[in-house]
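First subunit A sits with subunit B, and in the next complex the same chain sits with subunit C.
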Partner chain A sequence: MRRAVAPGFALALPAWIWLAAFFVAPVGVVFWYSFGYKPGLFGTHANDVLSLDRYAEVLTPTFFDTFANTLWVGVLGTALCFVVGAPIAYWMALKAPARVKGLLIALVMVPFWTNFLVRTIGWLILLSPEGWLSSLLQDLGFEPLGVLQTRSAVLLGVVYNYLPLMILPLFVAFDRVGDVVREASSDLGGTPLRTFARVTFPLARPGIIVGVLLVYIPLMGDYLTAVVLGGAKGNMVGQMLASQFQTAQNWALGSAMAIMLVLMIVLSIVALGALARLIAIPVRARYRVDLMEEVA
Partner chain B sequence: MIAGFEHPDAGDIRISGRSVIGQAPYRRDVNTVFQAYALFPHMTVAQNVAYGLHERRVARVELRARVAEALAMVQMRRFADRKPSQLSGGQQQRVALARALVNRPAVLLLDEPLAALDRKLREEMQLELKLIQAKLGLTFVFVTHDQAEALSMSDRIAVMRDGRIEQLDDATTIYRAPVSAYVASFVGQQNFFSGVVSAVGGEVQTSYGPISTVSTGLSVGQRVRAAVRPEFVELATGSPPGDTNRVEGRLIGVSHLGEAQQYLVQLGPELSVIARVATPLAPKLQIGESVWCSWRAESVQLFPDDEPIATGSLSAPTTTAIPAQ
Partner chain C sequence: MSDQQPIRILAERSAVPGVLRSLSRRQLLSMTAIAAGGLLLAACSDGGRPSPGAVARPTGGPLEDQLSIYSWADYDDPALLSAFTSASGPKIIVDSFGSNPELVAKLTAAKGTSGYDVVVPSSNYIPQMAANGLLMKLNKELLPNLAHMDTQFAVESDPDSEYAICKAWGTTGFVYDTTVINRELKTWGDFMDAAANEASGKTSVLDDPGELPGIYFWANGIQWETNDEEHLAAAEDYLVNTLAKHVSVFDSNPANGTIPQSTAVLIQAWNGSARQGIMASSTPEKWRWVLGAPNTEIFMDTWAVSATAPHPEASHAFINFMLKPESQLANVAYMGSHTGGAGIEELARAEGLPYLDMIFYTPEQVATMQPSTTTEGIARRVDIYNKMKAAASA
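Our next item is the complex of A and B:
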């Protein structure tokens, strides 16, 4: 007897409903608000007159400065996370003894057990010019620590807060590459560096993309790290945006900023992807083997 | 160890006269056909084969010609632009072989390359490998657990036990004149009789009667095992004439092997004899019937009693070496 089976999409229906209700709809609302205006001192938004005025309001030199700063922190922070995280993930997946792998993953996850804000404030104590690290350095004859309220402090906090998000997908990616094909490369004359470039890296690429996006996207919207460690110099779009909703109570302007931020995240990712593809073109050409050419 | 992924505790490995101890795998003139193929999944067949040549910075025109030649040799030329995931196991095996061969290494190491293939394909590949080896004149080191494969493929066989070479000889010598009871029992089947040497001429007293041999070099009174291959054992319903070795027993099993029939004859509570007769010559015998097993003195080999024999003969690996011609 054949039993009637629900079509494939039906199984995904709960997920679709969830996504529609809690992701698509809110973004739609924000999009809608961005065409409205702030009606008065006590109102947050009104949509009876639609205009692009809020976008004009957003696109001021202040916003571009802040956006450039955000992009700078986002790109550099993501790059630093990759530079720090990739060797750790590589070592964990391919060099560490198999029996300690579980423990290592647990250690990477441990910071997540504490609240994001508390973790960041912890750095504030450590880095403050009156803190114990600073006095220790002064005892050793150095200047007091002046790293707080700078971009360096922000980057430090970013690497610390987002590193696990980079390490975990990279670990999975490197782990899936495994030893077998890497040994094959070595057997065929590939030095360790070449083996990484031609086998390990291309095979781990999907995981690397996931890791980069997982760090870059939330980092572009983050402002807590910047506020706590960077002070006024660490101004980020996320902070501006939050203040429109929370302090200025101008939801319309805040929504326009949110939409611009989303747009810029998407555009920067597209640009980055295009750049990566451009770089890959000569590499692909170098290793293309077309046996048909020989006939000509 | 030959490829360089493991390091020997002691001893030396020399390739073309030069020691390779401490040399990294990518510096050795050895290429491996891995048991699991280990093809690069993100590259096409042609790119896989070209990998070693790219690493050796072989010029483009020569590279293309050599890749094409290697793929033609394993009959995979028309699959050049496919990805490994689009190939069957046997086809992947061929690509792995081409990928190693194309570099023309001093030594080609084949690590149980045919283990994952079905029997028919395996036999085809065995034949092809032999032909390719003869054509190229490279040294193949062929690791296998399959004794039949070892016997049929190799010029020289090294039978390994616990990491040591028991015997290194050509297939015929390994089979006909094994140096130890282990080799004798590991390669092919054997019937073993325990006994004591009773005459210098080589007669052994066993609990199933005397066995005469032509072996020398053992002293009277020494405890030995006498070994006879199943194909040397003849079967008859009546007592065979002459002074050949003979024992009487009861036929308890017959199995059909295709080209031969295998008989199991029980002599006593703890001993059975296996006899193998080519199918056209096989006698029609009833199970339960009383039969005589006989064999010539020349087909008996003696080994000291204290030498171990291979148990579960598929558990220990054999290595086969085919030297360059």
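Our next item is the complex of A and C:
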């Protein structure tokens, strides 16, 4: 029997070229620039003398303070997105009637089609102390709204802007679990809670990880959401990086910051992943079923 | 045993040649990708400056059918732009930048291919931009309306308008909410005091690395463009350790929300946007504008033409059109800045434009305004700016 074998890489070729040209090469350029310096008022970068000096300039208390603030927004924002998004995704995938699922997904997606800056500025108008919501509250005898330019406003904007990125992978994950194994679990005497904890949740775990990363990583580089709603309280490391590229026109220092930011985001993911595993150890120890031991 | 482990594959014997073939192709492919990356890297490395001279000087011939303007955001009355197109023909494309370095970087990096015609740099950038071959020498024969300009507002480094003509000039001050701050504020010292008291947590400052140390320097009689490290360190100490904790927002255009929506009660602002903000407020009477004192800034943005402008004839016709007194008046009304024309103040008064005291200043007031001359200290100022932002978000 002979069949035409299309070599596997042929299908992946466009993706390879795309990634090489638009991801690997630009990151390589940024990495290269980070060893250079700013040659003068009209130059943004030069690489004829290579050094690690830019990295020394990046590693200041200002950078770490700003990064700490960014980490706070990133971790708390992702956690809130998960807390809000998981029940919605769970309900959409497993409880909502099949015929409305399409509509529900559309409802999650449609706001996402509007430019996110426009949506964020929409919140700015809604939350402002002289906006209609605030006047309504004042008519009802409450204080004028003072939520803008606080950390609460930052989190509100983050949850609003990133929620679809959390809901969609979670929806797919819960949907994949399907009713069959869940029914089997309850037929074997599992309570709804046990079914969720020992069947649905573990099977949906890859989707949960995807959702968390899909929110966390862009959020760590974002600064518009935080700055628009949080004002001075929404300072993010992305803003600092942008100021080096745009205002100071120091691409060498900006590049070093960008590389440091990537490293620190990767480090924080590794740390969070390790933490999650640490928490999982006692759970696994309790519920682990070792087939080899059972057989023996 | 050899160093290389043989690859073990469980496969049908007939499939083996295909597997081997794809393996060697993959190696080839990865090498191609690396080579392509290297080419891209080479393409992105820096090269020379744009070469002027490739473009002919305009002689007053027929206008081209297009004109591309690179300016600050929302800096011209849109009605004026469409009036020029309907009267003279060239279709206008407007693009905007947020800072002079951004403009310079765009013109330099494009190596003459930016495609921009008319650009609007600040006056302090003109000497370096001209010296670096970024600007075209203007043909003043094509700019008869230059006669309507007040020579007092010519670019200091270019008094004969070889490269640049005043487009708008303005100054820095602050606006405060008199229902919250019940005393009269007059100086930057008063601003600093109010920020620490009535306006704490409700203070807005300009999102600009030069203007922030400016507050401290103007209040303390120090030339705001200083590069003296002792002065800069003192400014840094004040901004980071004192002012930062009272600041609620860094906003360069408070006209958009901070003033009309009252999200702050004490707001550092440029006069044009302060005026727009007060006019957009539902309670304009509660706001008071204060020109920075004892000293403050004077900035000027200019009409200039890129050295490699693809449409030089249209560029000159457009600038000449914008220098007409009627055009200048329309722009004064639209953006609230003095356009540098002679007699424009009288025209504005006759027109009955509101808040003229925010646009026009007495010679005594103008004498207290310091131009920004150097641009060398920007890196140190960005450093202070980032430190202040970190402190404000803590």
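We take it that the second predicted complex is superposed on the first by the 282 of 296 C-alpha atoms of A that agree within 3 Å, B and C clash if a C-alpha of one lies under 4 Å from a C-alpha of the other, contacts with A are read in each partner's own complex, and residues count from 1 in each chain.
The rule we apply is simple: a residue touches a chain if its C-beta (ideal position, glycine included) is under 8 Å from a C-beta of that chain, and two chains touch if they have at least 3 such contacts.
Just so it is clear, the model here is predicted, and its values are computed rather than measured.
S.K.: Following the superposition defined at the top, how do subunit B and subunit C come out on subunit A, clash or fit?
M.R.: Result for subunit B and subunit C: fit.
S.K.: Looking at the overlay, what does A:Met240 touch: subunit B (first), subunit C (second), both, or neither?
M.R.: A:Met240: touches subunit C, not subunit B.
S.K.: Taking the C-alpha centre of subunit A as the vertex, compute the angle to the C-alpha centres of subunit B and subunit C, in steps of 10 degrees.
M.R.: 150
S.K.: So, A:Leu148: does it touch subunit B (first), subunit C (second), both, or neither?
M.R.: A:Leu148 contacts subunit C only, not subunit B.
S.K.: Between subunit B (first) and subunit C (second), which, if any, makes contact with A:Leu188: first, second, both or neither?
M.R.: First partner only, subunit B.
S.K.: Quick check on the superposed pair: does A:Pro202 touch subunit B, subunit C, both, or neither? Answer first, second, both or neither.
M.R.: first
S.K.: Looking at the overlay, what does A:Gly221 touch: subunit B (first), subunit C (second), both, or neither?
M.R.: Neither subunit B nor subunit C is touched by A:Gly221.
S.K.: Specify the partner with more touching residues on subunit A, choosing between subunit B and subunit C.
M.R.: C
S.K.: Output check: A:Pro111 vs subunit B and subunit C. Expected answer is one of first, second, both, neither. What do you get?
M.R.: Once the two structures are laid over each other on A, A:Pro111 reaches no partner at all.
S.K.: According to the stated criteria, A:Ala46 is in contact with first (subunit B), second (subunit C), both, or neither; which is it?
M.R.: second
S.K.: Rounded to the nearest angstrom, what is the minimum C-alpha distance from subunit B to subunit C in the superposition?
M.R.: Minimum over all C-alpha pairs of subunit B and subunit C: 18 Å.
S.K.: Using the superposition on chain A as set up above, list the residues of subunit A that contact both subunit B and subunit C.
M.R.: Overlap of subunit B and subunit C footprints on subunit A: empty.
S.K.: Could you please specify the touching residues of subunit A with respect to subunit B in the complex?
M.R.: These residues of subunit A touch subunit B: 180-181, 183-192, 194-195, 198-199, 202-203, 287-291, 293-294.
S.K.: With touch defined as at the start, can you tell me which subunit B residues reach subunit A in the complex?
M.R.: 3-5, 24-26, 30-32, 34, 36, 38-44, 46-47, 49-52, 54-56, 61, 63-65, 67-68, 71, 77, 80, 99-100, 103
S.K.: Which bits of subunit C are touching subunit A when the two form their complex?
M.R.: 14-15, 18, 21-22, 25-26, 29, 33, 36-37, 40-41, 44-46, 98-99, 101-102, 104-105, 108-109, 128, 132, 204, 209, 244, 247-251, 257, 260-263, 282, 375-376, 378-379, 382-383, 385-387, 389-394
S.K.: Which bits of subunit A are touching subunit C when the two form their complex?
M.R.: Listed in rising order, the residues of subunit A that touch subunit C are 2, 5, 7-9, 13, 16-17, 20-21, 24-25, 28-29, 32, 38, 41-47, 62, 65-66, 69, 124-125, 128-131, 148-149, 227, 230-235, 239-240, 243-244, 246-250.
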